[in-house]
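Structures incoming, each one as structure tokens.
Across the two complexes that follow, chain A remains constant while its partner is chain B and subsequently chain C.
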Partner chain A sequence: MNLQAKTINWLLPAILLASASFSYAETAEEKGLAIAKQTKQSDIGWTDMTAQMQMVLRNSEGQESIRDIRMQSLEKKDDGDKSLSIFDRPLDVKGTAFLSFSHPGEADDQWLYLPALKRVKRIASRNKSGPFMGSEFAYEDLTSFEIEKYTYKYLRDESCGTEQCYVVEQYPVDEYSGYTRRVVWIDQSENRLHKIDFYDRKNSLLKTLTYAAYQQYLGKHWRPDMMKMDNHLTKKNTDLIWTDYQFNTGLSDADFNRNSLKRAH
Partner chain B sequence: MSLHRGNQYLTGLGLILALTAPTCAAVEFESYGKATTELRLFTEGAQFTDQSYNSNTSLSVEPTLFWHWNDNQDSLSFKPFLRIDQHDDERTHADIREFSWNHQGEDWELRSGIRKVFWGVTEFQHLVDVINQSDAVEDIDGEDKLGQPMINLSFVKEWGIVDLYLLPGFRERTFPGKQGRLRTELYVDQDQALFEAGNEALHTDFAVRWNHFVGDFDLGAYWFRGTNRDPILQIGTNGSDMVLVPYYEQMNQFGFDAQATLDSWLWKAEAIWRETDTQRYWATQAGFEYTFYAIHDSNADLGVLLEYGWDQRGKDANAIFQNDVSIGARLTLNDAASTEFLAGIIHDLDYGSSSFQVEASRRIGNKWKVSLDGRFFSAEDARDPLSTLGNDSHIQISAERYF
Partner chain C sequence: MRERIYDIALKHPIWILLASIILVILATAGAKNLVFKSDYRVFFSEENPQLTSFESMQKIYSKSDNAVFIIAPKEGVVFTPKRLAAIHKLTHESWQVPYSTRVDSITNFQYTRAEEDDLIVEDMVFDPTRLTSADMPALTELIVNDPLMRSKLISPEGHVSVVNVTIQLPGINPVEEGPEVVSKIREMKTNFLSENPDMDLYLSGMIIMNNSFAESAQYDSETLIPLMFGVVVLAMIFFLRTFSGTLATIIVIIFTIFSTMGLAGWTGFYLTAPSISAPTILLTLAVADCVHILTTFFYELRHGAEKRAALISSLRINFNPIFLTSITTAIGFLSMNFSDSPPFRDLGNMVAAGVMIAFLLSITVFPALLMLLPIKVKPQNTENSDLMDKFSAFVINKRNILLPGMTLVILSMVVFVPLNTLNDDFVKYFDKTVPFRQATDFMQDNISGMTSIEISIKSGESGGINEPAYLKALDNFSGWLRTQPETDHVSTLTDIIKRLNKNMHADNPAFYTLPESRELAAQYLLLYEMSLPYGLDLNNQLNVDKSSTRVIGTFKNLTSNEQIELEERLYQWFADNAPQYNILVASPPLMFAHIGQRNIHSMLIGITLALILISALLGIALRSVRYGLISLLPNLAPAAMGFGLWYFIDGQVGLALSVVAGMTLGIIVDDTVHFLSKYRYAREQKNKNSHEAVQYAFASVGRALWITSLVLVAGFMVLAQSSFKINADMGLLTAITILIALVVDFLFLPPLLMKLDTTPRYENQTDSTKGALHEPSSKNN
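So, the complex of A and B:
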């Protein structure tokens, strides 16, 4: 008994010392990973969410085209999140619904419901880099952030608007990603994303995503009302406008299966 | 004709709804739909008498009325359909595609009324898809279906989804009339239809289906007992005309479908075992789809498909896919207008005949979609079911307006 207590007394300062020196020698990679973990950690506990998403697609001549999508997602503690998206506009795809079970580190399970045929179709989740609904957002830009999806490197601190940001480089693990890297600005006060620069497979700057009008929900979860994606190559852009965010609505696994896909209206 | 029977179900359904109608909860209503104009230009003169035209115009409209209440636990959908055809009186027709009340429980769902159900995974033929009758006068691809009255109870369990179907009443297949093109040499006289069942089209059918997914694999199996949706066409007379008379047998059918979704590969297989008074056989449709993503560093994807269809009855089969290889390609530009191109060829290894189809479609603005289709048939052997379409190769232009 006594001996044990003594040992612990002796060990404790050693551990503290070790961890202190460790953080002192923290590499840029370790710091990048730590920031990612902190970002993910700070948003845990949102349970479930529903929201309306409007996409405004603009071509280089400024012509607009609109997509309206209803989103539902469910937080999963020991796996990736589940989500169901229902399309309202354009009208020819009205009632089309998309169900996704994401799995960090492996392929997601995805189904598409085609209302004209009443057909539920399992689809390949391999298509990460393709444009979502003809927009400047790729599928991979819209999936939930999971730590395992990237490796990291902290670059620097930099001011971003009124905030102070960490600037971190993220390298996609998935060989099918359309990017070599993303450079991400995360504010130090609330771990909110402010900006992402996307570098294509040839490592040249392709797109910039900026986040605006953050609001806090349940006193904890920050969500932007607006995300703007600019494609530097094509000069096209897409606004993603979020409205009617609701958390803790009581959704469960029963709302995310192939039967709920067919209920989409 | 068949609409009368539909009406009985409608009245029944109206009663159910009247009884369960919400007293306090707010009912939300939504309506939308589409109207289509279609022009078919045939490349050759007609093969049979009464078909003496080379172009045909047709209009169709399909509105949807949708109510939901009780926090989305209950909904009612009504989707009538109407087509008006320039030449073919049989193609001018109306149907109730959907008039259905849906009630959702914790892990179950009850769907009652006229509905459409799709089963299966393959693209060129929908072998296991048996619940709804084909609205064959609409198109030759078998994808247009007539609304089927049903009570469908669906359970979601850890080990899969189980669907029980009670199908009161049978819908007869529609066929092109005397003036229709894309038909058999003798036209089908639906008014003389014969049935094995004593209560004819009022026979109640039954089906049970299980489907589940395990990792990358989606699986389904079912048993169906009731009226065979595929009629046997017997020679008869209508006045001085020789005609075909449909005969609907009773059948027992087991069906299986599976898809493996592995990276860029989709491996698909469907199989049925069917037993009627006159025949007992296996048939399958199986193949793959492989997608090349972001071809040439563009946003476009190219999918290539290969499927094989086999029927144990061989040349005796009244099916098109008795020994047929199908090859297809799907090019999706992934642009704002959702531009898509499809091409497919179905080659019959027994008769050496082929049918070739190309399709191009895109959205215009937010409410219009236009498509251009071409279908070309080449069938020399008169014993081949496809040979009656030998002169019916055509180009189809259609414009869909969504509202």
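So, the complex of A and C:
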């Protein structure tokens, strides 16, 4: 708190001074935000999407466990996106469907349909930081990216593979996040995420997510075929393998409500 | 050859001194490589089966080193808004502890409840500022009666609560990681206490225990080693009445310790709580060589010999005996290589190397120093030798009573050996002055013991833990375990599943049961896992493909035997009730429970080998199978008697004591060597009968023997003051054994010799080189 106040104390005059002498000068915070907006903007207009997601969970011994999930998402212009996940594997949870309405700045709405109970249950929880289906992905790692979920700070430019990347720090706004910050590598040519480093509550590196095998859909939307999360602490890792991306399949709000959950399987 | 060594030392003392100082400095430089490993795992070799089980358990689930805050209001219960706010704050801050992966407390416990078709998952105490006194009765009821929290995070009376921080040390820099955690935790403790003067806070857990190993060791080396030096200086000045001799001895001891520890650093040793007692032990052992050389040296001086001649004479007389005793001592300590526990192997090797270094220094640096230092002797006829004469007369006169009497004493002590019980309780490795021990005792008295046993139950198929039959077995097992008399707490998955089933049926208590179908159980868990926060997931009790779960039992303080018996009962339960499931049972306390026994078995081989080697060496040195065999009795009896006496002192034998027999064997054999060699010399060279030979032996080495024994006893008694019980017990029992050995050598060996060695006179032997061990000295002419 103190530190922030101090920063602002000298930052403000500095900015005023800088903007007086130069026509255009951007702070690291502004640049970070601008990159985030640009990223969000460049992907706008995908409307709706379906895909198959396979999770391969590995422990430090290399033992594997596999989850298969069908994903459906609906783009929302003024709010967070809506998404529906239908679990196909393991067989014990086949037909279980998970509906969530992402809300920037507040708890998401979440419902789960349990076929064995034949009931829809609303989950009232602020927790988004726990592991998703026992994997190294937290639920918050998988929800849609919204500008308002973070504050930003541009760090530097850096080459990432054959591309040139912006490296931006993102600070979660949600106080129940499991992270203090994420460091994100975004390429400058197509605004694709290449890598995210996750720092836990005590600000030490916990996990690294890497994206691979991007493909372009509808001439505009880049999606990775593979996302790999490595936990540096537990040495466990999880691969997300995406197949069968489809866009503009004609999904609507009617496909994302409590009743649609029961029909999902 | 050997003559040349000390000849050079006497002719060029300054060169010898300079050369040795350079060598010692070179060796000592290696000490910079010595690091202290405080992780309790160092006690176990890589092939230790209990360690292997525990490590595979940790790989299947999550690692579980921990630090525990024990919060105890000075009066009343923890259930007040202010106190809960303090616990809430401490819980929140605990996430900042380095390498923490999980924090469990009564405030962040994930409480689930139902409201119509909503499942609400939230922290037990979400916002402490909104709590009022009116909320307390309901909250108390919920927390104290929850099976996952009661006797684990909260005492049944509600007056003590625990915040448990799970720590996963990366192990990249083990020397710094542990202390880093501890310093953060201590800082939190200080803050907590200043903000909450109405409460006490104690620290426990494996991380704190590891740190206590390091701190006890540091405390010991800061207090015990200076104390030892003090004891040695006092004893030498008192018994030998020489300042220069004492100074020279101290220098030899310092050189020995520095170069041994330095060489240990060069050769890649690391220090552990047991092996850090190597300097203390060496300090004592290095004195003996010097005392023997000094005693003869002063004897010669008093009888008018010139300084150089006196030294040469002393070195000539003592070279063989101190060489032999150094070798036997080294063999005794080397027997510790058979120990199952690496720190004891290291201790044995370091001391064995140090003893040989001490020997080398005693025949080079020591005489060089004596040459350089001013030596004054008052010509005196010692009253002590009169004392020794009186004593030998007593032993010779009363031999017919002493032999059966001592035999009876020996036997009556030895019969108590089997009554000792085997026990390694790592909490009790620390005495009650150590804060970790106090905290853990407090926790045992108020919430639960430190004994934990983890049981991994494998269903054998992916997702198999959801199978109703499996859950039923798990529930039956958990229920059975809870009814065992030693059980404080059982953490089991079925409690969570039952609660979820109740939540899914609008919190109807009738549904606090296991779900009927596999799918239902799986879907409950999926739902539950989706709603848990970071660090509070189920990965600590479920494996990755949900084919096994881990039950953690917490028990009252149990001895090793009780733990092993409980472990057998667990296996038996599964054999009787659920033989279809494979189980794995492991835990750090269980590792310690087994190590004493494993170590005793492995040490028995080591001791036997050492005994055979030492006896063979004695036989060769004394050139007599007969004396070799006779020496067996006084060499073996003291350790056995020591353990018999131990039954009355403590009665519990563990890891530390299992190495004592081996290491004392090498030390006590020295007395026998000195006594027998003088006796034999008198018999064969001086053509004396057995009575006269006993008298001769007493007169020539009696004094040196009791001085060295007393110094050794005093030294090991200092080690016995360690706050680390492993070292303290080892010191105490070694001191006792050495004292007994002296008694046996003085009261049992001579009557035995007189009984067995009945040949009145040996034929006068012309072959004077035969007594290679002991050459004629002038002192008894």
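Heads up, the rule we're going with is that the second predicted complex is superposed on the first by the 240 of 265 C-alpha atoms of A that agree within 3 Å, B and C clash if a C-alpha of one lies under 4 Å from a C-alpha of the other, contacts with A are read in each partner's own complex, and residues count from 1 in each chain.
To be clear about the criterion, a residue touches a chain if its C-beta (ideal position, glycine included) is under 8 Å from a C-beta of that chain, and two chains touch if they have at least 3 such contacts.
Nothing here was measured: the structure is a model prediction, and the numbers come from that model.
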Combined model on chain A where chain B meets chain C, clash or fit: clash
Chain B versus chain C as contact partner of A:117, first or second or both or neither: both
Partner chain in contact with A:233 - chain B first, chain C second, else both or neither: second
Which superposed partner A:220 touches (first chain B, second chain C, both, neither): neither
Chain B versus chain C as contact partner of A:263, first or second or both or neither: first
First (chain B), second (chain C), both or neither touched by A:178: both
Chain B versus chain C as contact partner of A:92, first or second or both or neither: both
Touching partner for A:37 - first (chain B), second (chain C), both, neither: neither
Which of chain B and chain C A:61 touches, first, second, both or neither: second
Winner by number of chain A residues touched, once chain B and chain C are compared: C
Colliding region between chain B and chain C, picked from 289-297, 541-549 or 739-747 after the shared-chain fit: 541-549
Residues of chain A contacting chain B in one complex and chain C in the other: 57, 59, 65, 90-94, 117, 119-127, 129-131, 134, 176, 178, 201
Contact footprint of chain C on chain A as seen in their complex: 57-61, 63-65, 87, 90-94, 96, 98, 110, 112, 114-117, 119-134, 138-139, 176, 178, 200-202, 204, 233-234, 236
Chain B - residues contacting chain A, complex: 30, 32, 34, 66, 68, 72, 75, 77, 102, 104, 106-107, 109, 116-118, 120-121, 143, 154, 156, 161, 211, 213, 216, 218, 259, 261, 263-266, 291, 293-294, 297, 299, 301, 334-338, 363, 366-367, 369, 400, 402-403
Chain A residues within the chain B interface of the complex: 57, 59, 65-66, 89-94, 107, 109, 117-127, 129-131, 134-135, 176, 178, 201, 254, 257-259, 263, 265
Contact footprint of chain A on chain C as seen in their complex: 59-60, 62-63, 95-101, 115, 117-122, 168, 170, 462-463, 466, 504, 515, 517-524, 526-527, 529-539, 542-546
